[in-house]
Amino acid sequence: MAARRRAPGSDLDFLREQLLDRWPIEYAVLGPIVRADQAGMRNADYAAALCRATNDWTAREWLDSDPRLRSSIVVPVEDTAYAVAEVERVAPDPRFVQVYMQIKTALPMGNRKYWPIYEAAAHHGLPVGVHFGGVGGHPSTAAGWASFYLEDHAGNAQSFQTQLTSLVFSGILDRLPNLRIVLIEGGVAWVQSLAWRMDRAFERMHDEVPHLTRRPSEYVAEHFWFTTQPVEEPPDPRSLSRLFADVPALRDRVMYSSDYPHWDFDAPDQVMRTVPMSATDRAKMMSENARALYRLPAPAPADAGE
Amino acid sequence: MSRHVVGTPADVPPGEHKVVTVDGREIGIFNLDGEFYAVRNRCPHQGGPLCSGIRTGAVSSPGPGRYDYDERGTILRCPWHQWEFEITTGRSWCEPDRVRVRAYPVSVETGAALAAEPGERVPGPYTAETYPVSVEEDYLVLDLSGRAGD
Amino acid sequence: MSLQYGGLTGNPPTAVGWPTYLVEEWVGMATVAQSQIMSMIAEGVFDRFRDLRAVVVEAGFSWLPAFLWRFDKNWKGLRREVPWVRRAPSEYVREHFRFTVGPADLQPGEPAALQHVIDDMWGADLLLFGSGYPHDVVARPRDAVPGHFSDPEVEQVMSGNARAFYRLDEPAGIGGRR
């Protein structure tokens, strides 16, 4: 009998069996989900301690044990001083490749309250990864509390749109030209319409945001990355090919994600399998965009003298 | 050559299933209250291991806020994206006419009957496990050329 | 029913709190509309009231295909939570919703990309002309319609779709309908 397994996502051997060894996975970036958001932030000292413990545990139990693994720095986002201190503490370990937030924040992400976190990330050359979920203290949709998980899940895509909008109009992207934001588990296909809508709004209301030096769509193309799972699935998969042609920046910005171990996991050899795309674009999506963003070393040649 | 002996009824008690590999295809054999059904262990959506998904009932509704739960054990939910499939026909709940998992007929036949048709039946993995077919027993026979649920 | 831009409920106009600038709120009205469409479909409003129809006014429409691709996908995996929703959400939208085009999130410079969006939402069938009067007024009505639209499509958006949706050709008189 094999040793009793812990829950999926908390057992390295099981992760290897179900994911890392089953497919040819070079690197996997972990995204620990920690209750250090608004819901867990009533006690900021506790939230900060929880984040420190999680990052230490991740390094010791996971990153030390498998060279394929990288991770994300979890921070108590609603207490900026603590969050910055944690970025400073962990960022020197190169196996942590991004600062991690969840999409449901107490204030829209462009709010100046959060800017020190972005400054710390940019200072260390780290992207900020923003993952589905969290508790910001607000109703789950822009129109109030939804009744069903279906609405909550699909509605997260709308929170991603709101956060992108807030970041673009806030001016932080002018202030930190090398800030890179990764939107994780929020979908991709909405970005074209949102960029149009923001440009249209900017034409009429730019007096309100005179700090912007460019059109909103230009910030989107330069500062935002997206991950596949749960990528939109149009009835005709070619709709996504057309979208990628119409928004060329997406070819360099979309990265495969698995959502392992959740209920809507995508396998690497299956995701967007029916979407016509060049081999080059597929390689970018599956490997090269993430390799460039997270500065992951290329694989050593097989005969590298070992 | 498309009929395969895949086990005996006792191998798959009511409510249980077992996955067999026949001609390179993984196929789940299911026992629903004594009736046997077979579906491919590959979700037509993204190839997920369908047969290891949760086996559940049919959730339907006569109107908003009301839930009916019946036909217990007849629905298979893919572990990768939770699409639901009818074990008896392979039809998906979301697009029953367009999205289906391949379903095959399974019959229970006596060893005596099987012995009488040696030219047609392929012993399959069952005899590969060194179980000879004996005339006294009953066997599950999977028909790969047939289609269940049409 | 008309779902018109605006309104105040006491909740923030986003799911992540109060925005800093009005321009965020203007852009975000598209996400409010998406939330309302999701809610009406998920709660079974159109299963209870099968003839109910709704127009989304001044919140744009180019977000519709991407929104429905995600909503349909989630429905396929989660539909047992809302079993009264018997068809894909996109089918409810096609049957029950219309959208005004002006003022909207059109980019005149990208007709091919815009046409792809319109192809992905059943052509011009769901679009109604909206003037924006007296707020964000479209000076020439034709400017509210995508520049590359054919004459029949322009006619649909400027006239035909609204005639059918509002039943404008039926005889007048309160109580006289039906």
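As written, the chain order gives the labels A, B and C, with residue 1 at the start of each chain.
Following the convention adopted for this analysis, contacts are C-beta pairs under 8 Å (C-beta built on N, C-alpha and C of every residue); 3 or more make two chains touch, one makes a residue touch a chain.
Computed from a predicted model, the values in this text were never measured in an experiment.
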- Query: Taking touching chains as linked, do they make an open path (line), a single closed cycle (ring), a hub with spokes (star), an all-linked set (complete), or other?
  - Reply: complete
- Please state whether B-C or A-B has more C-beta contact pairs across its interface. B-C
- Item | Averaged-CA centre spacing for the pair chain C and chain A, given as whole angstrom | 29
- Note on the structure: Taking each chain's centre as the mean of its CA atoms, chain B sits from chain C at a distance in Å of 44
- Item | Interchain centroid distance [CA atoms averaged], chain A/chain B, Å | 40
- Note: chain B residues in touch with at least two other chains are 81-82
- Item | Per-residue overlap in chain A, given as positions that touch at least 2 other chains | 263-264
- By residue number and range, which residues of chain C touch two or more other chains? 43, 75, 77-79
- Query: Any idea which chain C residues touch chain A in the complex?
  - Reply: 9, 11-24, 26-28, 30-32, 34-36, 38-39, 42-43, 60, 62-63, 65-67, 69-75, 77-79, 81-82, 103-107, 110, 112-113, 116-117, 120, 136
- So in the complex, which bits of chain B are touching chain C? 59-68, 81-84, 93-95
- Message: If we count contacts the way the header does, which residues on chain B are in touch with chain A in the complex?
- Response: 46-48, 79-82
- Query: For the complex, which residues does chain A have touching chain C?
  - Reply: 103-111, 136-144, 146-151, 153-155, 157-159, 161-163, 165-166, 169-170, 187, 189-190, 192-194, 196-202, 204-205, 208-209, 230, 232-234, 236, 239, 242-243, 246-247, 263-264
- Note on the structure: In their shared complex, chain B is touched by residues of chain A numbered 263-267, 269-271, 273
